[in-house]
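Dropping a structure here in structure tokens format, bear with me for questions.
Chain lettering (A, B and C) follows the sequence in which the chains are written, and residue indices restart at 1 in each chain.
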């Protein structure tokens, strides 16, 4: 990736003037909850349900009440903050020249991002928090038109992107029924649809039921394409907002311990997240899942190849017992079922609604970067 | 309710300088038509249909043609203007200081409104008629974002709110399929959905199939919530526009006689309307309905406790025969079926399309008041 | 039609100063492809399918590969560019005074347009290409609100109109489920719906499943109505964009030969197009279709009465063999099935995606003309 000439970063090395650097040492952890609907869609609901009823609630998490009352969690489809040990690190600071073209043409998967660009994107997302409402900056996408092409409904993700576009003064063409494009034709290709829609809009946000669909769309389109979830493939803006939330909540990304708990076999979010976490130093990942839905080998091999430490267990208690939850963060992509009781919502460590809001800022940042650059 | 210090009202007492007061004495009446789909949804379609076929057309309204030709109406699911006797009254005039915060955080039910605030809201609605199109005033909600969260489809109500928002320069996030939020989760709570959506928008307009849902949403949300109909509960903006229409058509609200005709047992609009009418002086209400769908006791008890005179009958002719329809107004919430023939549409007393348009002004007023105050 | 006083045209006669006139002589042809879903909707899928499988591929078009490789086409549901002979003509130039009211109140069918107004509309469409994005001209519809009232889904047409409106700074009220208006009422008339919606918007774009519905809507509405397809009736904006595309691709409209190939019995587009082509001089039309779906007599009689030469055949090869495809243009309303292979897409003569984009410009022009005039 060709970075702009003004690109500078410092990670314990050079610190440009005027940049505030904070070194933090503390025990902190992040909990990432995984929702189960994806596994249900893929036909695993029966086994998951069995897990929930017997394995997870009884043996997997023998004391299901422990976390709902004392420790934030309730059952096995949820997740657990795991404490950071030997935590240290400097905040990364990266400057990309304002007004320059964004390095990416499309947002398709988590592998596109390296640490530097993540840091820079998160900085833009922080700026977005300030211009969310009413300020003069909120017209930077005025005159731009985003088409949301959703081949499967996802009101939550669609509204998040549409809110992001409108908060920046842009406009939206909505279709929740993108399949109708093809049903009318009983067989119009995705490529033909894209070539029509790119004539109507400046950017396409696509949600599709097939893995790889977003990449095909991007290959065809002359305008930017954002993958808003393609079947069992990826959902990169979700992964970005997860990492952004960790940074916002914890204050750093190096030296963290992250527990990923739930159905790890079928969650596209957790796969994207694992890719992103591998960009940071001294990250340790705990995969906590019953055997039937454990993390697949490709991700574990990838992490090993990147030198990321990981552990795998079916017993959350075993992992949790080592942990101090004092600085923990509980995350969840939402929607939740009964993984986390509402009692937890008022706990300051419950970050899932802030996490949802962060999705807005990340999407504002991505739309801004793809349409008008840095 | 704490009114602002600059609040002034006069009702036969003190009249501030610069306020035009008009005393009117005339015989006037209002007809309020009720549509039947609500009762059909509630499983009463069979009995209603039986009424329509036999009871209503034959005995309830023996001469179904009388009103379609001579008196504006055609069958029993419609309503009747009833003349005002001893009509008198002063127009209320209320001044709330411009720029001050609106007294209500949410619009949930008709009981929230007293006479003073109704008068003030109607004044804002009148202003909205002037700024409906193209004027400089139409950008007062620029930068604001409304989410329409419809758990059951209601294209008419949704478009009315969305037009109101856009006429004031605001933007809209639409979801006609709000159930999909929860279907994806097979059980996400309304509260969780609200906490997510409040991160994307500045105000929520909710339509729900359960009574009380809007109140639960408002309790959760940190942003204003408008109830656009919650099952058999209330539909306050509809009741407000009904009363506003009466005032616009008749010129006053004290001393009127109102006939509410049709399915009175299941119509949420008529319930909300009865609450609002009780705020005015010397109002007389005629409930005209077949026995199976007569007005429930709670409303009748409420009116009695407020000193509102009401009568109940199953025979529209009996009531109508006492009336002079010269100043009558025929209203209907729409959509209509065969309650009113199209012959009536060109009669100046047919107010139902003006009533629909008034819905726009009322909703513009409510959005303006909740988002930027007086 | 009363044209404005400043209206001037020249067709080999008077040429106003400052207008560039180009005389062109060349052999050119236009191919117009017809999609088959319309016939499928009308219950003809079986016979069409039979044609596709046996008649069209075997006898109707014995060498189905001929055109996909060498001549642009592949099978019988597609169409064919036919060369112009003795082509000549001057470009028409028409000036309508800027700021004057548009001559039409509504866009309902192709018969509304004469040659002069077509020329003038196409000139506005050309201007729209320049102001599509970001320029100051793109706010000319600011403050205007368009309601898309779609009684049958057509995402493609809807997005095209909505993009056109938003590209000009206007706003949109969307309903893909306009039937719900009436389903709620189980029988609300179109007229009642229109009288409600006209209170919310400044212009209505209607798609309906019944022929004549748009005309009924226009008769009722006090605001402009655009017919976006009414059952087997017309789809005038599609016909306009077809003719506009021919002019943009070929540079003229007089003296062209046009092959219309496919299901000619049920395609509303081809009927509207035949009406429009009759406005030009020395046009020759070839109707190429199997007997079961040949062009109906009313159009053929109309063309004869207007002096337009036409021929009818079931054998595309017979017609095509006379032709030189050097200047041909392949058009298709999209979506396509297997009428044209993707190999053709990269051929510069393949105009169908440019044609779709032209639909945007034509719709921008129509919206501008109906709402703010010339």
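What we mean here is this: a contact is a pair of C-beta atoms (placed from the backbone, for glycine too) under 8 Å apart; a residue touches a chain by one contact, two chains touch by 3 or more.
In UniProt terms the chains read A, B, C = aspartate carbamoyltransferase.
Note that this is a predicted model, so its numbers are computed, not measured.
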| item | value |
| --- | --- |
| Graph class of chain-chain contacts, one of line, ring, star, complete, other | complete |
| Rotation angle (°) superposing Cα atoms of chain A on chain B, nearest 5 | 120 |
| Copies chain A and chain C touch via same or different residues, half shared test | different |
| Distance between the centres, which are taken as Cα means, of chain C and chain A, whole angstrom | 44 |
| Residues of chain B touching at least two other chains | 174 |
| Interfacial residue positions of chain B with respect to chain C in the complex | 35, 37, 40, 133-134, 138, 153-156, 159-160, 162-163, 166-167, 174, 176, 334-338, 342, 353, 356-357, 360 |
| Chain B residues touching chain A - in the complex, by the definition given at the top | 143, 145, 147, 171, 173-175, 177-178, 180-182, 184-189, 191-193, 195-197, 199-202 |
